[in-house]
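Here it is, the structure in full.
Order as written gives the chain letters A, B, C and D; numbering starts at 1 within each chain.
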Amino acid sequence: MIKVGIVGGTGYTGVELLRLLSRHQEVTIQAVTSRKEAGMKVSEMFPSLRGFVDVAFSTPEDADLKSCDVVFFATPHGVAMAQAPELLAAGVKVIDLAADFRLKDPAEFQKWYAMEHTCPELLAEAVYGLAEVNREAIASARLIGMAGCYPTSVQLGLLPVLEGGRQLVETDTLIADCKSGVSGAGRKAEVGTLFAEAGDNFKAYGVKGHRHSPEINQGLSAIHGAPVSLTFVPHLTPLIRGIHSTIYARIKPEGRDTDFQKLFEERFAGEAFVDVMPAGSTPETRSVRGSNMVRIAVHRPGNGDLLIILVVEDNLVKGASGQAVQVMNLMFGLPERQGLDVVPLLP
Amino acid sequence: MIKVGIVGGTGYTGVELLRLLSRHQEVTIQAVTSRKEAGMKVSEMFPSLRGFVDVAFSTPEDADLKSCDVVFFATPHGVAMAQAPELLAAGVKVIDLAADFRLKDPAEFQKWYAMEHTCPELLAEAVYGLAEVNREAIASARLIGMAGCYPTSVQLGLLPVLEGGRQLVETDTLIADCKSGVSGAGRKAEVGTLFAEAGDNFKAYGVKGHRHSPEINQGLSAIHGAPVSLTFVPHLTPLIRGIHSTIYARIKPEGRDTDFQKLFEERFAGEAFVDVMPAGSTPETRSVRGSNMVRIAVHRPGNGDLLIILVVEDNLVKGASGQAVQVMNLMFGLPERQGLDVVPLLP
Amino acid sequence: MIKVGIVGGTGYTGVELLRLLSRHQEVTIQAVTSRKEAGMKVSEMFPSLRGFVDVAFSTPEDADLKSCDVVFFATPHGVAMAQAPELLAAGVKVIDLAADFRLKDPAEFQKWYAMEHTCPELLAEAVYGLAEVNREAIASARLIGMAGCYPTSVQLGLLPVLEGGRQLVETDTLIADCKSGVSGAGRKAEVGTLFAEAGDNFKAYGVKGHRHSPEINQGLSAIHGAPVSLTFVPHLTPLIRGIHSTIYARIKPEGRDTDFQKLFEERFAGEAFVDVMPAGSTPETRSVRGSNMVRIAVHRPGNGDLLIILVVEDNLVKGASGQAVQVMNLMFGLPERQGLDVVPLLP
Amino acid sequence: MIKVGIVGGTGYTGVELLRLLSRHQEVTIQAVTSRKEAGMKVSEMFPSLRGFVDVAFSTPEDADLKSCDVVFFATPHGVAMAQAPELLAAGVKVIDLAADFRLKDPAEFQKWYAMEHTCPELLAEAVYGLAEVNREAIASARLIGMAGCYPTSVQLGLLPVLEGGRQLVETDTLIADCKSGVSGAGRKAEVGTLFAEAGDNFKAYGVKGHRHSPEINQGLSAIHGAPVSLTFVPHLTPLIRGIHSTIYARIKPEGRDTDFQKLFEERFAGEAFVDVMPAGSTPETRSVRGSNMVRIAVHRPGNGDLLIILVVEDNLVKGASGQAVQVMNLMFGLPERQGLDVVPLLP
């Protein structure tokens, strides 16, 4: 049994990790930390876990995280980088669901997250937690910076057309018009995400620049093997879970004869968690609610030179905790679907 | 023109006062205070007011509230009682939308609001702002404690059967099962009212005791002229605006021959803001969205001894700011509908 | 492996059966019928099932339901009673999720469902599918009339105080104020349940009389062993899944010394799917979203003579398809939790 | 007083016309037709109108529409073209909110709406009801084909950069990624727009081609004076009202020195219903809820060559009924804001 610790179990990615890991047959949840709620049963805060998770929150000090095999950080940005070096030194694997180990350039991190990186020496070692791209590196990694929710959907959506330097679409006019449910903002007291603010309302945000932009461009450039520049416009939509990314790519002359449907189907044929929908589909977010699946549809209206890629994911599962469990499975040599074989909840 | 000041313009009752008063033809909005946002245009915080409200937030000091004819307090509990004495002394009328002047007994206030009342000497003078009950007293009042959102719906629903000591229903087994939209909790950063918490979710709260219980019982007892005891169970429902009260009353033997439909229709025949629906109706909250109207339906299943009264209101209008404007109209001798002649927004 | 047939797989209870049964390790889904969609893959209509359910809809004729071990009817009222006799004769067990076999009196059925009962001779044999009440009878039954969604919550909520003729509460003044999510109305094209009608809206319905009233009173009377009369008022609330029942019971003098919290805890101690919450709790519907669990809290404000029982369930799971799987497990001697060990989805 | 007839008063655009026109001081509502509901009071179907609209539905025959000054068609496509010729011949002005008179080419109409146009001879005369573009033509028109909901937002968003042949942006790579609330689908019984289908869900639709595409391109080409080709991708989002269009335009070399914020502000300076937000804004749909206002924000990330234009409108007001009243005002020489001076409802 893998001994798991979770730092920061009071947020949405924390409770989602607990939902998934509590049914994972190779895992024991050894500790869930929350300084503020120490002593309270986790299931008292989240009654949905009654009968499934019996552990109480503990302080980081009492948690003895060093005796875990792996520690997930479901925390605000900045927490993982403060604790990761010590855990790694003790032989514990670290999976950070926040942004501490996503960006390779500490200056970029500082620019977007307004804090200095405290262990830049680990950035080179840290593996980017996007299994479909980095499966082998993940399997042998000690430290993972999990892909963000938006970046997961955008990178998977563009993977087949950019991978390996393919010259199918223009790489400097890419647009990702993304829509996220409100849980993406986390479980923290803020006016902007109140029900009476975000309900029956739709808006863009971060148009000037969003933290996920450098992550997306870094990831796409790595996939492509050359610089890629994508314009990312996130929107807040009144759903609890779900991201829908509508990606626009201009097809290059050398890409015009490509059968994009086939390209996507072949690329993802062996992937457990990427489902290429039949031609003409328009996937809906609820078709992946509660599951680690991403569904993708590819459109080329009028057989013209614009490729439209639609991607849906559950931002808390494939966009966060589910993908983290997938990555953990890889790190411990388990079947990738273990603990993630959940049917989406519809309606 | 009536010079109006609003203390606390950043919450939902504040913006709702501004929506209504900005179209009120006898009113000038002289000042809207917010210490925190002083200097910012009100319409910058609430773009819905662009073109309708040109004023900026000011500090209480700069606002010169004493030069107003009337000041509304759309503030947390405790603010109005700190400022009312001085304003009243300056000849300014005061309308408090919070609870400072609702309960007649300062001990009760202290018990439920966890603060000492700082001007108990004003409690006797303060008139309870429920126009359909206290119209005359309101017209000559200097100081109003506006009825709460739930209490407005419950008192109006029971008014015809309790008024003037009528012996139609049992007064010690009354139940009000009330459901409120999330805006009732105000525009303040709290986890419990986040979209991802309150959305697609339904729960009771305050079953042990809710602040509106003493207010309801005080009001009903005053209406009845004898003690009335009602069990009040509030619920949070995923709508932005709206309260639906389902009231259960046991009909006394002496009430069994009453034509309750007729009783209700006659009682409210002259009321501008109470609409008794045809027999058999089930009013919906959206039928009053954005309006000061209350709609009531009366049911007596199987002609038995249980009376079921359904009441819907918009908690921010008739349950708060609209009713406050109605009360202001009464205080200044204006037509009661002035500024409130708004068609509900459906869908 | 149990060979399962599902008649009527295009509605919400159908897709929910498929979600649960597709992960049930003792079950093979042999046929899903829909005359209208025959030939279409089930997962084409419900992409959430892609990768989990590979079967296509078939016509009833092609389905060879007689070779199944058990057939679920997830159909409109009236379908099961037309097909049950033949299936039973062929040795197939029948579980009807509609109302055909709920009411024992065919005249009552005809009154509430506006159709004549075509096999009244089966009504006596049919077992009411509420496992916590009828476990043994279910285990040996051939034909089950599943409990309705509202009736499940109300009966479980009152079970401990009424069972076995207990004289704890008045049985003629019971009230159940129930609130249901919109999926309870089914997946059929109707104006009243459109998003733009039912969204941001709350209303009562069926106040004059609802089909679940006779079912509730029949069930409670059977539980109590004497006539029970409950007033049932359903409400439509803007959530997708979930029922919240607020039940009011007057405590009799002989019940006043009862420790109701303890009574409930002891009654349900061995039940896999009934969770009595700690004293003072207010359970939320999302705490059971997607799961077969019912959560109950018991309140007695001011230690007075009113008992308030709060019950939450997922109307599509414990209120329909999950309970049907639970019943199937009992009928086939399987562990009651088999295939139902799902963590609720929160948020 | 202008005598108004409304054909088809049972849908959302119908009730919205009634909401607005019932407060319009120069209007008398003479008839509201619905063959199916003839005889029923309009306010019985829409209780929100109780006290504001006293008229009953009548059959088209009884309605005597020829005695009206103007008739609005709030009907499915195809109804207006059947009745318009006779009304026009009788001297009645006609405003069609459906698509019968939007497209200039009857072949295009037939292609997209799957019916033959029955009065193509009127298409040349019909004026496109987008006031900000066609104000003068509208003022003297007899027959108006109102702009669609999506096309209104997209055309207003691109008006300043395309008008009069301006060479500021590429006209063959334009993209409009649009998101609509569910009321846009109308008040008709359909599975896809049920609360339990469209709630907590997000999806694209019509990616292959949507009826509003030819309308948008026709309108933009007319504005530009040269062919414009825009890719239009609509999405369904779980809000009741509201459209958010995110428009992407590539800036041409000759447009790079343009101050787009200023361009937009100047273009719309005199417009009553177009509000150019301050630089950097991200307008939200609720900021125009219930009002005829459109709010626009202009972004140019990194001062690069991509222009992002954000447009919000209420699809039932500026996208339909409000704009129709605006057009009526123009046709009758009334102030454009008459009856439309409504503060948006927030929250």
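Going forward, a residue touches a chain if its C-beta (ideal position, glycine included) is under 8 Å from a C-beta of that chain, and two chains touch if they have at least 3 such contacts.
Predicted model, so just to flag it, every value in this text is computed and none were measured.
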item	value
Chain whose mean Cα position lies farthest from chain C	D
Inter-copy rotation, chain C to chain D, in degrees (Cα atoms; steps of 5)	180
Interface numbering overlap (same over half, different under half) for chain B and chain C	same
Centre-of-Cα separation between chain D and chain C, whole angstrom	45
Chain B and chain C: spacing of chain centres that average the CA atoms, whole Å	39
Rounded Å distance between chain A and chain C, as computed from the means of their C-alpha atoms	37
For chain A, residues that touch 2 or more chains besides their own	12, 181, 183, 187, 196-197, 199-200, 238, 240-241, 283-284, 286, 289, 347
For the chain D and chain A complex, residues of the former touching the latter	173, 175, 177, 179, 181, 196-197, 199-205, 207-209, 231, 233, 235, 237-242, 244, 246, 248, 250, 280, 282-286, 289, 299, 301-302, 306, 308, 310, 312, 347
Residues of chain A that touch chain C when the two form their complex	12, 15, 19, 22-23, 46-52, 183, 187, 199-200, 240-241, 275, 277, 281, 283-284, 286-291, 293, 295, 316, 341, 343-347
Complex interface listing, chain C residues touching chain D	12, 181-183, 185, 187-191, 193-200, 238, 240
